[in-house]
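There are two complexes below, and they share chain A, which is joined by chain B in the first and by chain C in the second.
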Partner chain A sequence: MTLDVDKISKHFGNVYANNNVSLSIDSGEIHGLLGENGAGKSTLVKILSGFFEKEAGEIRLNDQLLDLSSPKDSIKCGIGILHQEPMVFLPFSVLDNFLIGSTDQFFAPRKEALKQFQEICNKFDFELDPDTPVSLLTIGQRQQLEIARLLWLDPKVLIFDEPTNAISPAQREKLFATIQQLSTEGMLVIFVSHKLEEVAAICDSVTVLRKGKVAGSKKLPCPQSELIELMFGKLFPSKEIKDIQKGGIQLTASNLKSIEGRESIEITNFEIRKSEIVGIAGIEGAGQRTFLRTIAGRNSAESGTIISGRNLLNGTDYHQRLEKGLYYMPADRLGEGLISELTITEHIALVENKKKNQIIDWEMCYLRAAELIAQFQIQGTPESKAESLSGGNQQRLMFALMPTDADTILLEHPTRGLDIESADWIWNQLLDMRSDDCSIIFSSSDFEELLSYSDRIIVCFAGRIVGEFERNEFNPEHIALLMSGSQI
Partner chain B sequence: MHPETIATIIAASSPLVFAVLGETLTEKVGVVNLSLDGSMLLAAMTGFAVAFVTGSVELGFLAAALISSLVALVIVFTSIELRLNQIAIGLILTLLGTKLAAFLGQDFVRQVGPSVQAQAIPYLKDIPYLGEIFFNHNLVVYASLLSIVVVYLFLFHTRHGLELQSSGERPEAAFAKGIPVNRLRYIYTALGGALVGIGGAAFSLDVKLGWSEGHIANFGWIALAIVIFGGWHPVRAALGCYIFGALQIIALRLQPELPGLSQVLPILPFPIMILTLVAVNHPFIRKIGLRSSVIGKIVRSDPPAGLGRPFWRE
Partner chain C sequence: MNSIRKIFTSNMSVMSTLCAVAISLLLAILLLWFSGAPPIETGKLLLEGSLGNATRLSDTSMVWVPLALASASLIITFAAGLWNIGVEGQIIVGAIFASFVAREFDAPPPLLWGAMIMAGGFGGMFWGGLTGLLRIKGKVNEIFGGLGLTFVATGLVIYLVIGPWKRAGIASTSGTAPFDTKAWFPTIMELRISPLAIFLALAGLWLVYYLLKQSKFGLQLRATGINATAASRLGVRTERNLMLAFLLGGILAGIAGTVQVGAIHHKLVPSISGGYGYLAILVVLLGNYKSFRSGLISFFFAMIAVGSIQWQLRLDLHSSLGGVTQGILVLVTLIVVAIFSQIKRNKRIKDAS
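And now, the complex of A and B:
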């Protein structure tokens, strides 16, 4: 059996989430779909599941054209999807969940379902009690329930979308064993992930997506640094930035320990000077996010010291650090950076009201918004809501909201998902700020961006800094190796 | 308690049972029909007027079901197609229904019209005690009792019931499983509305005969409260209706002897509802509920997670 995805395209705004994506997968092999967040993996999965309608291209199973205009069609065509977050109903029992969407009979065939359910559970060694409410199950068990349910539908293709994000290592082992067993039985399996080591561990072949396009395919095993090169793109800088005189030390972090969610970091020593740009390279989850957020004060450190200029930042929170000149720009612009329902004018009113006046001077805010829209070339009006702006314009708005006295800018994926024009504009802004003595720390999953704009690159792996390169000694191959956890 | 009193309670509660079951269905699928107080009034008036003009009680019920179903469809249509807020539309429709019923019903005020005829069930009515309680009523009351069973079985034992619940609980996930969420929301909101309408007509053609302005005012709100009290479970909700009915009837019976107490009793249902909600939310009860999904369904007090939340495909 072969699944052919042929020249699929889909765009949002002026950015292609999938651009001419093609892959071909045979049954009996586990095929990895690898890429950083925002590379277009979930768009492709949503097209295969019938949630999104593709704009161009064809999907064929055994040379038969599939019409996937709703999840119902997708299920009918034999495509089963284990969603990133298990699509279960928490108050219902395990058996009820197993039954939903799986039967055509008027009376829910509980006895038959129970028999089937237990058979599947026995086969794959899942320990699930059919009468427990699903809210009591761990995420791993909910996944097992979903897998059992999908198998009852007798699919030909199974897609696992980022299945390991929220489960324990033991459950992961079990999941991998299940996936392997399914594959040997002839199931066509697609394993979608941004985690390199997992793809390397269980996949037989892999397609890497980058910025909505297929960056390349490989048979596995192959050296992980080769996969990193595919994920992170061009290995040479496309632009040469002017080297400028660096100032004194702006920010120091030493013996920093911090945990956020599943990401923990241990940074022995980090320094940045005035007018310096430091890029953080690392695969998603290597600690760069926690590092940036700990410095910004969004996440409190367990131990260690952070000094900015002459201020010891320990014990200060995010707002106090903001006043001291640290500005953090999260990757999730609409989720964390802006308030989606508020207009540009309202954002200005929130940020610029330094005197804490109780009565808002709307006219002033409106004029200020219009001024900033012109200055930052935002495509929108003072009355545009943040959510109605395109990604590039949301990022411009975040720049417009930056306090003018900010001296340390922390950015997470500053140009992810943006068109080239916006990305260039953003870097011109950042370079201007650098000329004004600002220090800039940014994380990125784009080699070209890292190599073009950083004065220095640090490499993160498993929560530690494992490499550091000055601009004149950039060595892309070494960076890729260090990112994959290898030694040079 | 005397069987005749229990029988009276069951009969008097039947309109509320219909309305509460209807609203439970609607909310279970994820739609809030807040217009109950208006749509029941409108249905009571329509039912009476149609029966009065045609002389047919059956046509009266049918018309009541249709009109109330139509009101319910306005809510689901404006929510899905026009993306309007269900609560806001519901409140507007409550006011509209009330005023419309008063205006259109002017000619029927205090008229004597047809009513549902008693129909004892032969043989069954002769069962001692139970016969008097359950089998000596009219078709409306039998239907209300039967509806409880049917709605319960439908919700928890059929595939359609499961799909209905999943659409109200987590519409995205239901859609991912191939369930046409919005179509189900149309169907069950309309069906729920029809039951509410039958409840309205059961007042004007059976329990509280005739029509006058504000004839059954507030019963819609009471029905909405009982749905919450019932934890969105049809049997528990029906029980709520009977407790409410019982306290009203007992108060009526005690009026001659204990006028003070009979003033207090009709108010009692409301503190009882609040206390019950406090009890089922108690950690101990919650823990028991979590252990078994059967008990969990009965003591549950959380609304469907997707209640009032519209679902649109990206």
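And now, the complex of A and C:
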């Protein structure tokens, strides 16, 4: 049996989430779909599961064209998806959850279902009691329940979408064993992940997505640094920035410990000088996000010291650090960067709040907005709401809102999802700021960007800094190796 | 060019609201008709009963005052994205504090009125602040915190009326002894209408309008209501703003309670809040969270409340029909507005593609 995904495209705004994506998978193999956040994996999974409609391309199973315009179609065509967070109904019992969605009959065939449920559980060695409420189950057990439910629907293709994010190492072993068993029995398995070591551990072949396109396919095993190269793009800089004289130390962080969500960091020592650009390389979840957010004060540190200029930042919150010149620009532009329903003028009025006057001069703000729109080349008017702007223009607006006295700028994926023109424009801005003594720390999942613009690159893995390279000693292969957790 | 477009689009939404109100009025009339009320007669009675003479007009105005103040209170907290259901309780506590001043202090009338207003505002602020603390520090949703505190306030007022503040010799739920007439808000002639109360309501509505339109606090509040995470990143102290919204909303509700005791009942009664805290939710939903629209709708609702008494007296209709009418108006308007905006959105999507 073969699943062919042929030239699938789907775009949001002016950015392609999937651009001519093709892959071909045979039954009996476990195929990895690898890529950083925003690479287009989720979009492809959603197209396969019928949540999104593709704009172009074809999906064929055994040369038969599939029409996937709703989740129900997808199930009917034999595609089963295990979602990141198991989709279960917490107050219901295990058996009730097993039955949901599996029958069109008015009265559920409970007896028969129970028999089959137990058969599946025995076969895969799942220990699930049919009468327990699902709310008492661990995430790993809920996943097993979902797998059992999907198998009862008799699928031909099973897609595991980032299945290991919330489960324990032991449960992961169990899950991998199940996946392997399924594959041996002839199931066509797609394993979607941004975790390199898992793909390397379980998959027979892999397709890597990057910026919505297929960056390449590999038979496994292959050296992990080759996969990182596919995930992060070209291993050489496209631009040479001119080296400028660095100033004194701008910011130091030492013995920093912090946790946010599932990401924890332990940074022994980090320094940045005035006019320096430091790029953070690392696979998603390696700690770069928590590091930036802890420095910015968006997330509080458990221990350690942060010093900016002459100020000890310990015990200060985000707002106090904002006043001390730290500016943080998140990757999620509408989630945390801007307020979707407010206009550009209203954003200007909002950040001009340092002056004492409590009454807004709307005319002044409107004129100021028009000025900034011209200066930052934003495609929009003072009355445009943030949500109506394209990604590149939202990023420009975030720059326009930056306090003029900011001296340390922390950016998460500054150009992710942007067109080339906007990306270039943004880096020109940042380089200008560097000339004005600003220190810049940014994370990126784009080698070209890291290698082109950083004065120094630090590599994060599992919450620690595992490597550091000055510009004149950049070694892309070494960086790629360190990112995958290997030693050089 | 832009400002022209802006006026046009905002007019569109006024138009659709008006349209929605017209449709829902029609439906309300139909429903009244089905329940045995002749439409023209009911309409006429409603107008006559609420505006027909000076007494009725002044009664309607005095229902309007607390409703308008409660609406103003809700608009402030709605702007911050809060469902401040606890306004009812804040009205009660405001009334209790104002009653305390009226009962315990002796001063020249204008001073006493001022002290009552301040005490009432403080009481409402205190109760609103508690809801705020529960929400911000204790992560208790303001709907539950507000409802819980309203229960407490209701218990408290009953306890006071039949306990420490009972009339000499009688413990009755009909209320405390009337205040000394010095504590009565002045009225025009023998009518119930109190210019001071009317002024307070107008000032409350205007204050809320001005704060939300012109002040940084108002803008920050709106930003917090839409997306607190992003607002905080842009430098807004979101928790402080939410707390201020609760406090300010509480003050307005507390003043509504003060008006209830100072200008209407002249004593503390168990049902002192009159349900205005809940009714105001319907008002601001219908008024699209805008001050002046909500002020007008409050008046219309006051007309229904006062005028529908005539339906009962003259047409022998059930007394609940006034409330039913108000409910239908809100429900149908919301449905119609939702349908309109869906149509608009579909059109926009179609235009875009």
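Things worth noting here:
In this section, the second predicted complex is superposed on the first by the 476 of 488 C-alpha atoms of A that agree within 3 Å, B and C clash if a C-alpha of one lies under 4 Å from a C-alpha of the other, contacts with A are read in each partner's own complex, and residues count from 1 in each chain.
Everything that follows uses one rule, which is that a contact is a pair of C-beta atoms (placed from the backbone, for glycine too) under 8 Å apart; a residue touches a chain by one contact, two chains touch by 3 or more.
Owing to the predicted nature of the structure, the values given are computational and were not obtained by experimental measurement.
Superposition note: with chain A as the common reference, chain B and chain C are in steric clash.
In the overlay built on the shared chain, the residue A:Gly140 is in contact with neither chain B nor chain C. Contacts of A:Glu383 after superposition on the shared chain: chain C is touched, whereas chain B is not. Judged by the touch definition given at the top, the superposed model places A:Glu341 against chain C, while chain B stays out of reach. Of the two partner chains placed by superposition, A:Gly417 touches none, neither chain B nor chain C. In the superposition on chain A, contact of A:Tyr328 is made with chain C only, not with chain B.
Once the two complexes are overlaid on the shared chain, A:His319 sits against chain C while remaining clear of chain B.
In the superposed model, A:Ser49 makes contact with chain B only, not with chain C.
When both complexes are overlaid on chain A, the residue A:Gly35 reaches neither chain B nor chain C. Superposed model on chain A: among 4-12, 22-30, 58-66 or 76-84, the stretch of chain B in collision with chain C is 76-84, the rest showing no clash.
For chain C in complex with chain A, the residues that touch the partner chain are 2, 5-6, 214-217, 219-220, 222-223, 226-227, 229-237.
Partner chain C is touched in their complex by these residues of chain A: 298, 318-319, 322, 328, 330, 334-342, 346-347, 349-351, 353-354, 357-360, 362, 381-383, 401. If you check the complex, the residues on chain A that touch chain B are 46, 49, 51-52, 70-72, 74-76, 81, 83, 87-93, 96, 99-108, 110, 131-133, 135-136.
Contacts from chain B toward chain A in the complex involve residues 157-163, 165-166, 169-170, 172-180, 290, 292-294, 296, 300, 302, 305, 313-314.
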